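Two complexes are shown next, each including chain A; its partner changes from chain B in the first to chain C in the second.
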Partner chain A sequence: MEITIKYFGQIAEETNTTEETIRIENGNISNILTLLLKKYDGLKYKDFQVAQNQEIVSPETEITGAEIALLPPFSGG
Partner chain B sequence: MKDKKPKNVFIKGAITHEFIGNSIYKHQSKTSIGAHNIFLGQVRADKVDDKTVSAIEYTAYEDMANQKFHDIREATFNKFNLTCMHIYHSLGTVKAGEICLFVFVSAPHRKVVFDALEYVVEEIKAHVPVFGKEIFEDQSHQWKKNT
Partner chain C sequence: MTNRYNKHIILPEIGQEGQNKLSNAKVLVVGAGGLGCPILQYLAAAGVGTLGIIDFDVVEISNLQRQVLFGQTTLGENKALAAKKRLQDLNSELKINAYPEALTHQNALNLFMQYDIIVDGSDNFKTRYLVNDACIITNKPLVFGAIYKFEGQVSVFNYQNGPTYRCLFPNPPQKNAIPNCAEIGVLGVLPGIIGSMQANEVIKIITGIGAVLSGKLLCFNSLTNQTSILKIKKNEAIINAVKTKASKFQFNKSMQHNCEVVKTASFKHIIGKKNIQIIDVREIHEQPKIDGFNVISIPLSAIQNHLNLFKNNLENYLFCQSGIRSKKAVKILNDAGITNCFSIEESAQEIKNSTIMELKKT
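Moving on to the complex of A and B:
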């Protein structure tokens, strides 16, 4: 399936893009992370959480096809 | 004052004293209110080594952030007996000394507004995907992290 991945803050600095589409077979979030860590070497030094369909998920969560976002530490307020 | 659809909490640039004053003024017609409590987040000119923060540039995962603000509103109304509540957060550049977060809670009596305001601000800091880039006077930057 095709999945939209969004990047924010210092993660977007690392990937040099704020959004892209990737193709991936069914699986879980960790499969996406493996793929992205291969593509963007510097990501492994970064602290981030993953959201799927705007909810924070764990690496074991199954991919649904909804939008994925890589979120660095929050710093609102 | 409860509403079901997430509304847009974000304001471009700093939140001005006129906006804040006007928001207070608009509550004069709501005469069941006896107590307001307001939190204003202000950009600090932090010193890091020999550099000083001159501004913070805010970005957000806006759809998720507005949904989270909405969830926080709902949870706060369920937990506390408030008459109304308003949250505004800046996006884009806010200079040191300017206001970037405005939380305004109102109730018939005072006790509830103290507890409710702290709850709302802490929930925002912990759960809303907003990202602050601290810009130094020499235009270099570092990423802010809530503690």
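Moving on to the complex of A and C:
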């Protein structure tokens, strides 16, 4: 299936884009992360959470959505 | 009706009742920086009756690009005190408590317990997790905001049993993994937008109108104007773990109040300033001697006998070998009703070094 991945903050700097579409077979969120970590080596040094269809989920969650977001913490003020 | 809050009161959603709620509310803002300035400005203008400001830092010229409560005349002043001065001019009806010190595990709980809502405008993870955990332990709602370059995040944590910051990001990232604004830069208007959103959530909580951003994280990108709202689930285990580690915090340490704390200033900000006098409070024999500009020598032990030397329209800047005695001296002067006194943060040696640098320039 086709999934839109959104990147925020420092993650978007690592991927050099704020949004892209990937194709993936059924599975869970960790399958998407494995794929992205292969594509973007620097991601493994980054802290982030994953949202699926605007809801924060754990890596074990089954892929059900059309949109995934990678969200790093910000500290600035 | 002519009233400072008329534009609020004529809104049916707020009315006099809502305005009274604002006037009775007590809000603590942690950090008077990029986020803290707009938060404080709008809360003071809105008539939030009691505002607390905690910040240990001093105003620097590079802050003025985004920290809109300060100006060139407040350079070198503590941010909590400088913010209080500006806000009291904006609205003298408010009770404003300035705490010119760092938030720590020692002072957080006692301070938080004196307020209804805590607003996080800090700029580092250590403080953010400290604020979050102290809000869990004292059961206070936390209005969160954070920024990175052109992007911001806003949420309300620990509100009516809702999720906390740790439910979203359980632990701080590895040290130095993520730089702060001072190191990487930030669009000046961004904290203005995010801080205003935080002030908006505070006002909604107090007046009970609208939908509070609880259980949700709002992500804003100023370059694309894209706004995403992501749902966050509560993690009871993480919250309980914070509660069981509450002993990391200390209760009952009394907070120093603005009037009891001495004002400090950085020497680099007073070079070339007019209408000031610089006082060396070390004993006469101590080295190094400072020359290159006028220094009055009044040892700490003799201050009480020379109070008249400070009773003038000049600002008094005091220094000593390390900054401890100069603080004591300022305290003595403050107690004697002489308030235009500052303790210079630098040591005598540092002052000597920067004087030599200045002389080389000329």
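Everything below uses one rule, namely that the second predicted complex is superposed on the first by the 72 of 77 C-alpha atoms of A that agree within 3 Å, B and C clash if a C-alpha of one lies under 4 Å from a C-alpha of the other, contacts with A are read in each partner's own complex, and residues count from 1 in each chain.
Simple rule for what comes next: a residue touches a chain if its C-beta (ideal position, glycine included) is under 8 Å from a C-beta of that chain, and two chains touch if they have at least 3 such contacts.
Note that the coordinates shown come from a computational prediction; the quantities given were computed from them, not determined experimentally.
Peer 1: Touch check for A:T21: first (chain B), second (chain C), both, or neither?
Peer 2: neither
Peer 1: Should A:Y45 be classified as contacting the first partner (chain B), the second (chain C), both, or neither?
Peer 2: A:Y45: touches chain C, not chain B.
Peer 1: Looking at A:Q54 after the superposition, I want to know if it touches chain B, chain C, both of them or none. Which is it: first, second, both, neither?
Peer 2: So A:Q54 meets both chain B and chain C here.
Peer 1: State whether chain B or chain C is in contact with more residues of chain A in the superposed arrangement.
Peer 2: When the residues of chain A touched by each partner are counted, C comes out ahead.
Peer 1: By the touch definition at the top of the document, which applies to A:P72: first (chain B), second (chain C), both, or neither?
Peer 2: In the superposed model, A:P72 contacts both chain B and chain C.
Peer 1: Quick one: classify A:K6 as touching chain B (first), chain C (second), both or neither.
Peer 2: Both chain B and chain C are touched by A:K6.
Peer 1: Starting from the residues of chain A touching chain B, keep only those that also touch chain C in the other complex, and list them.
Peer 2: 6, 8-10, 51, 54, 69, 71-77
Peer 1: Looking at the complex, which residues from chain C come into contact with chain A?
Peer 2: 31, 33-36, 120-125, 128, 145-149, 151-153, 168-169, 173-174, 177-178, 180-181, 186, 191, 217, 219, 221, 224, 228-233
Peer 1: For chain A, which residues count as touching chain C in their complex?
Peer 2: Of all residues in chain A, those touching chain C are 6, 8-10, 18, 45-47, 49, 51, 54-56, 69, 71-77.
Peer 1: For chain A, which residues are in contact with chain B within the complex?
Peer 2: Those residues of chain A that touch chain B are 6, 8-10, 51, 54, 69, 71-77.
Peer 1: Report the residues of chain B in contact with chain A in the complex, numbered from low to high.
Peer 2: Touch residues, chain B against chain A: 41, 58-61, 63-65, 67, 89, 100-101, 121, 124-133, 143-146.
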